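Naming follows writing order (A, B, C, D, E and F), and every chain is counted from residue 1.
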Amino acid sequence: MSQSAYLVVAAALFGLGAAGVLLRKNPLVMFMCLELMLNAVNLTFVSFSRSLNDVGGQVSVFFVLVVAAAEVVVGLGIIVAIVRRRRGASADDMSLLKG
Amino acid sequence: MLAAEAVGTAFNPLPWMIFVPAVGALCVALLPKARVDLAKLVAFVAAACSGALSIHLLNLFDRGDGGFQYVVNNLWIPSWGIGWRLGVDGISLFLLVLSGVLFPIAIAAVNPGHDDKSYYAWLLVLMAGCMGVFVALDLVLFFAFFEIVLVPMYFLIGMWGHGDRIHVATKFFLYTMFGSAFMLVGIVATAFLHRQGSGGPLTFNLVTIATDQSIGTAAARWIFLSMALAFAVKTPLFPLHTWLPDAHTEAPTAGSVILAGVLLKLGTYGFVRFGLYLFPEAARFFAPLLLTLGVVGIVYGAIVAAMQKDLKRVVAYSSVAHLGFIILGIFALNVQGIEGAVLQMVNHGISTPALFLLVGWIYERRHTREIAELSGLQAAAPIFAGVFMVVMLSSIGLPGLNGFVGEFLTLLGAFKDARWWGVVAASGVILAALYLLWAYQRVFHGPLTEPNRGFREMSWSEGVAMAPLVALIVFLGVYPKPVLERIEPAAKALVAHVVEHSGAMRPDIPAPAAASEEGAVGTDGSGVVGGGG
Amino acid sequence: MVGLLAAVKPIATPEVVWSALAPQLVMMVGGVLLLTIVSLVKGRLGRGAYAGYTVVVALVSLASVVPLWRRLQDSKGGPASLVGGAVGFDGYSLFLIATMAVGVALAALLADGYLRREGLEGPELYVLMMLSAAGGGIMASANDLIVLFIGLEILSISAYVMAAMHANRVSSQEAGLKYFILGAFASAFLLYGIALLYGATGSTNLAKIQAFLSDVVLVHNGMLLGGVALLLVGLGFKVAAAPFHTWTPDVYQGAPSPVTAFMASVVKAAGFAGLVRVVVVTFDTYRLQWKPAVFALAALSLLVGSLSAIVQTNVKRMLAYSSINHAGFILVGVQSGRVGTAAVLFYLAAYTFMVVGSFGVVTIVGGTGDGRHHLDDYKGLARTRPLIAAAFGVFLLAQAGVPFTAGFLAKLGVIQAAGQTHNWTLAVIAMASAVISAFFYLRIVVSMYFDDPAGDPEVEVEGSPLVPLGARIALVIAVIGTLGLGIVPGPFTHLADDAVPVITAAGR
Amino acid sequence: MILALDPLLSGDVGWWPEVTIVVIKVVLAFVVLLLAVMAMVWFERKVHADMTNRIGPNLAGPFGIFQTLADGVKFFFKEDLMPNRADPLVFRLAPYLSLVPAFITFTVIPLGGRFDGKNAGEITLPGFQKVTLLQVADPHIGILLVLAMSSVAVYGILLAGWSSGSKYPLLGSVRATAQMISYEAAIGLAVLAVLLRTGSLSTNAIVDHQAGWNWNLWTTLFVPFVVFLIAITAEMNRPPFDLVEAEQELVGGFHTEYSSIRFALFFLSEFMNVVTMSAIIVTLFFGGPSGPSFGPAWLRAILPTAWFLGKLLVFLFLFVSFRATLPRLRYDQLMDLGWKLLIPLALGWFLLLVALRVAADSDWNPFATGAALIAGLAGGGLLLRKAVRTSHARRAAEAEAGVTL
Amino acid sequence: MGYLGGFAVTIRKFFRHDTPSGRVVTKEYRAGQGGASDQKRPKPQRMHGRHVLNRYEDGMEKCIGCELCAAVCPARCIHVRGADNDPDDPTSPGERFGFVYEINYLRCIHCDLCVEACPTEAITESKLFEFSFTNRADAIYTKTELVVGDDGRPQQLPWEDWRPGDDEHTSAWMRATAPAGDDSFEGIVAWAGELGYGVRAPEGGQPLERTEAEAAAHAGQGHDGHDGHDSHGGGGHH
Amino acid sequence: MLAAVIVERVVWAVAAMIILGGALGVIGSENPVHSALSLVATLFGVALMFVLQEAYFLAAIQVIVYAGAIVVLFVFVIMLLGVDRFEVLWGRERALWRRPLAVLAAVAITVLACVGMLATTTELTGAPSATARLDADNDVMVIGRSLFTDYVWAFEITGVLLTVAVVGAVVLSRRPTVSAIDWDEFPVDEVDGEDEFTIDEPQDAGDEPTEVAS
């Protein structure tokens, strides 16, 4: 079975991910779409790795995974910070009312 | 032939003429707040030192030499081939002297009113920039000085100007910067095409590039256009002149003086030095276009000036007309024309600032420049009127005053090689007499109206400021030889250079090189230039 | 599977020349060390201590570049690739690392006063700055696309966090979020590009790719070109080149001002480091293919940056657009290919001073809450704070390209580079955009110098922004740098010329 | 290619036998596991009752041994409820997500076969004369599969809690997630120590490497085992780490809203996890089915399995005694234990083992190396302790200063 | 070794059930199946079981349909509707009576707030907890099931495991102090007579907490304090 | 061997369906939790494709890291914040023209990538590295060896990356010490979505008694 079959799936996945990032407004979902894109890359790497009979692609996937993890940690941290900040503000308003 | 030769004198005044005002500016800027009163003194001393150096240079100048003298040739940015290259020849000499004289006068004659420190600092920076422009023999260095003068002028107009100063300052800055932006591309192109053509190292040395003439005709024409745009804006040439009246009107008096006296010369000087010298063929090719624009400027400036209600705007538009003459002279491309143009630069640099000073004083006294509101001043201040008269007549070009010599030489050159333009331009002289005399009549003659009754006579300090200018006006009108004899070798050398590299003296005889260019439509004197390489 | 353990041969790990990695390592270790110290010391260190420490680390990093540079220019030395071919040791990387170290030092000085003013804790900010700069250094010296990518991520992730760092400003966190999403989006593109290049050339190592491309002529190079295009997209995002610039204004505006300074200097420099090394140097053989794309990027950035900035009334936002414009200028240098690298380097060095200085002034004027960024807030600054106004004037005019400032020569450099490749169209567009951008720089100058202070001048002086010591030093250095590079540029252009990017295979 | 998980399949067995054997093994494993789970439920209830002076199930069958069956029948016939606010799809999906990983983990555990250093667990199939393993599959990344499944197991709990659309389950599942993610790191690090000894990720190879009393328990110097045991207890949400379902606080946690067969699935998966994780411990640290072999052939054939079951039983008992003995931790204690003790300890120990290995390879003086290492680890530990204390002190200071929000 | 000490205890217990009484704590009380001891353990004094609706000595219902119990119920499991009494044949003294009274035992959490809220002592809780049902309808006890019988004792529904004596602990005994919470009322009877029970003795003070049954069983032993067997055992983990 | 080919094809088809279906689910679900679940499906599909291509180690790592950590984190945050029932969290309503544009861009990317790769992969020209060949049975070892030789620098700096991520997460999750100071810092029309950023309290927190479905 030709490797291009995998590559096509990867390309489609990448396109879907990109479309998701552009279409959706919820940052959480946008992150997920980013993960889709990274997965497409992973799939591409592995396919090339196999057809080239070279381990480099697989090692690259390893790094992509690490990077994805790091990105998600920080991205979700930002979202948490934002949401917490908003809530905090509304709490302030309430304490103002209490006088 | 025009090769730069270092003259082995012990003392070379050129760098000092730039450094002294620059250091002076720094000193003024660093003056403690408590001693602001010293600012004017320091500024004047610095400017006067520089000016003295320029006059000393006049003395040192070898009048028989048409090439560059007192050449400095150091590298500034070695890896880019940019050098600290200075030099002076007959053409730039008098412009240097002009700057050296005008700046001290401007500093002495006018008080800024507020923010003295920065005012004088900016004036000195402006002086350094102007001096730099006239002595630079390196394309990038020239450009740097050419651009840097914008900043002080911008602040002078913006901070100490009148009326809509912010708008005008920005307009001035952007207009000139717009022009010079393309010049920068042109300069870079010049250097690279020169390297390509000559096979030598990358250099921005004006003399080397001009001597080698290794740039292809078509490219040279494009580059000439890009540079001409910058100079045309600065000059200002019709139709790029619109910033000038505004700038003149809203600028503080000293600003107007410097603007008219020195800054406008940057453009015309650029045409001579970087248009003709670098791209003789292109200059010759585009001469009809520029001649036409110059002539249009003469006539248009005169007509518009006649219709102005603001005295300062009258003077401003007269500048447009005068600069048209200078362009006419330059692009007549013969010795008389160029000589006349250079002389006219000096003349304009004397008479117009004087006019601006006078108008400025009128404004100081009356707080208006509306011609309609001024009337019968001659009765109130006869000496003032007399001085105004002399200066105005010089501007008109009355024989015996300096303006005549310059205009005459210019027109002579034009009649020789660009006759029809010369004919039209000559009418400009008449128009100039018309609008200036009319303005004079309205302002100084007529009934002395009530508000003008208290018009103060010229004070001593004003007189001291005015005296050298009037003296120069008369002196140059009566005895222009010392000037002309220093200009002549340089002008001759330049014309020879142009002739050598453009193939023909007369624009109506197509040069062999130009004829072979595709699209190079012959110019038939109609003033329309078709095609262009 | 039984005898697996016996089958394991000892691995010959590549030799690591620690000294050659010193600049990056100093930054990394410096960051981690600060983290450790802070976690161990019970009482608070003075906040100034953090900034001082960061400056010292940056200076040590800078100093460690010097002997390496000497070694490099030595006849026996010369460019090499280290750590199994993953690190390119050449003048180019050293130059950029030095530039970034300067950026870190200046940004740290600015950050000190900012954190005090905003009442923020902040050793982490400095830690992230140092680690981010280490990432930038890794990018600049990457000889492998994967290393480049990881360096980029170190750089960017720190930057995301720093942008969102101001816990009391929602706009800061939103900036962080926006920056993060679009940055990660760009990373994904970059990564896909890397994957395609890997498929097309069989390696992620730049030296191997280069060797492959010089040995083999690809009949079908669609994948390769696609990879390069995606790389351009990804790095274009990072350097804020139009049309991938949409994040820039919001992020620059929202992020804490010292962080914006950092982003505009270090992050941009690192982005261009990657761009030049990969696209320009490695794919030199394909320059006919990528040049039009870079041309489009450059032209769009120049125009979009300058035209959009005109209508802004928020100074920070205006400067953000101006940074897009500057990216366009640098892209002009990139577009010129190898001959333009020196110009790019010089521009980046010059821009570091200019932009850090500019945002330094913005930091100070922004006042508590970092919110006074409207053009009106700058009215009459020349009266109330003449020195700050003067410094800002210098930075603005330098950015506008006024002679005798670093900005002029930087622009001249890239125009020269464009001229060298006879790309006059781009040069003309660049200069036209310079004129347009001069307009909005002048607007700020007008506000500062020609407008009267909004309120009572005396009151303004009372409430005028304080200039902390750190910011003062930073501004002085930036002014000196901006003017120094403009007046005595010779040594620096010389350095930039010597800083040639070279891709060396692992064997050397 | 992908089926090369069993020596049986690498031979020329043919297409259908291949599938048949695989299916048979899967079914067998499933049945065995289910039976084991049923036994485990009874075992736990009975032992726990004994330890707390109670009787435990004693009605259904002798010693109440069919209690699980009875419960199962009851669950099966109870009415299935779903809250209105529940997310129907996820609510139905969650129990299976919780069950499947537990089962998949079981597939890589060698249940028997001789491990004596010569034949690595292979047994000869009676009718076929073919060699196979007494485990469903032996992928060479076996341990990774275990780790993967243990991380996937979070989903069941997470989604069950979320999809119930109710407060307590949500709280329970959020707790569970944090807890399981935290402890996975410790598990991984502890497993690394084993892998360092074994050099392979295959469970079969790991067991084989321990043949002849060469148990990883002592070759890794006990600490990884302790860490693994504690961490795995937390990972399974067993007492004393059962904050996920802490009845007193959360009314049962993530499965509050579940009833009937869906609840039974959770119940099942939890006990299945206990069994499989005990089996993993036995495999990783206690040599799996390996052990002394003696007696007649039939005895030799079943002895490994017996050893395995015996070892398994020890751990099942241990888990029950945990539950009977230890009080539940507070949540912050739980997190502190994981992050500030287990993970650093496991990491430090791993580094120690690595360094010892390097020292052995490079012929350094093992005592000097060991001393230096322990000094280094102690120093690191002290630093960590200092940092933790500093942070506590700061937090206290901040609280005193009234910085809130 | 503090941690391991606990293990020693549990392991020891595993092998030997050594309670003070020497026996396992589990009591088997499967009705009629003859476990070890087929009896329930005594309930704690204040245990909350299923409710009863009380009646006065004269047979009138105490409930006046005020709905306070429904209002206070946190689980919202009580449904009450009052109606005007038929003046000729009143169900309760006063104007109104509880016309509908339903408790949903699927939701009731036996918090006893309804008992606290009741102004007439109409609703009280028994100690019965062993009641289970096989359909949801059975879980809703209506007034028919809740009201005490003519003998004043709770009705024993088929699915409820009443033992002899269980039905004696149904009235408001669990109230610790006076209705106002003021212990000065301690020892003073504050409630009307009940059908089948008459006027009950006042509740004992805190130190004397003791059910009647215990009081009877341990007569003369003084108070034995809290014996802590509130758990009913049970083996399942869940 | 034919059987193997058939198996590969079938599994490929299944995996592709899972992947793309999951991706569509991510984009299309209104509920972020459903998106996350779809994402998990995609991740498993990708892992399946890894297995198909004999990258067993990566398949396991993919599941551990992605499914086991990353997406769990997603779901965790969704639950923690209670933002699971509405779409608008950030950003103003995108202009309508962006939607078709986005789809167009995505399609363009896909098609271009496909064409680029299909045109090339039939004769993949890359120069395989001579030092590190694939070995399906020992892929852990081969990858490990590669990690510590060719990619050792990348491996080392990954440590820095993780440090950055940890520091970042800690910094971001620290509670703000002072109250908000800039609610009206920017005019509404200057910053995208400043005014639209409203987070309602979750409506489904269970204040109402749960009705029993019958």
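To be clear about the criterion, a residue touches a chain if its C-beta (ideal position, glycine included) is under 8 Å from a C-beta of that chain, and two chains touch if they have at least 3 such contacts.
All figures in this text were calculated on a predicted structure; none of them were measured in a lab.
Path length between chain A and chain B in the touching-chain graph (shortest route): 2.
On a Cα centroid basis, the chain most remote from chain E in this structure is B. At the far end from chain D, in terms of centres built from Cα atoms, lies B. The distance from the centre of chain B to the centre of chain D, with each centre set as the mean of the Cα atoms, comes to 91 Å. In this assembly, the C-alpha centroid of chain A lies 30 Å from the C-alpha centroid of chain D. Each chain gets one centre point, the mean of its Cα atoms, and the points for chain A and chain C are 25 Å apart.
Note on chain placement: the centre of chain B and the centre of chain C lie 43 Å apart, centres being C-alpha means. Shared interface positions of chain A, defined as residues touching 2 or more other chains, are 7, 14, 17-18, 27, 31, 47-48, 51-52, 54, 56, 59, 63, 67, 70-71, 74, 77-79, 81-82, 85-86, 88-89, 92. Residues of chain D in contact with at least two other chains: 140, 405.
Of all residues in chain F, those that touch two or more other chains are 8, 52, 54, 57, 61, 69, 73, 78, 80, 90, 113, 117, 121, 124, 126, 128-129, 137-138, 150-151, 154, 158, 161, 164-165, 168, 171-172, 175-177, 179-180, 183, 197, 212. In the complex of the two chains, the chain F residues touching chain A come out as 5, 8-9, 12, 15-16, 19-20, 23-24, 26-27, 29, 32, 35-36, 39, 42-43, 46, 49-50, 52-55, 57-58, 61-62, 65-66, 69-71, 73-74, 77-78, 80-81, 83, 87-91, 93-94, 98-99, 101-103, 105-107, 109-111, 113-114, 117-118, 121-122, 124, 126, 128-129, 132-134, 139, 142-143, 146-147, 150-151, 154, 158, 161-162, 164-166, 168-169, 171-173, 175-176, 179-180, 183, 197, 199.
Those residues of chain A lying in contact with chain F across their complex are 1-9, 11-20, 22-29, 31-33, 35-36, 39, 42-43, 46-56, 58-59, 61-63, 65-74, 76-89, 92.
Note for the complex: chain C touches chain F at residues 1, 4, 8, 11-14, 16, 28, 31-32, 35, 82-87, 119-121, 124, 127-128, 131-132, 134-135, 138, 144, 146-147, 150-151, 153-154, 157-158, 160-161, 164-165, 167-171, 174, 176-178, 192, 196, 198-203, 205, 208, 212, 215-216, 218-226, 250, 253-254, 314, 317, 368-371. Across the complex, chain B is touched by residues 342, 397, 400, 402-404, 408-409, 411-413, 415-416, 418-420, 422, 424, 427-428, 431-432, 434-435, 438-439, 442-443, 445-446, 449-451, 489-490, 493-494, 496-497 of chain C. Interface of chain D with chain C (complex): residues 120, 140, 198-200, 202, 204-205, 208-209, 361, 383, 386-387, 389-391, 393-394.
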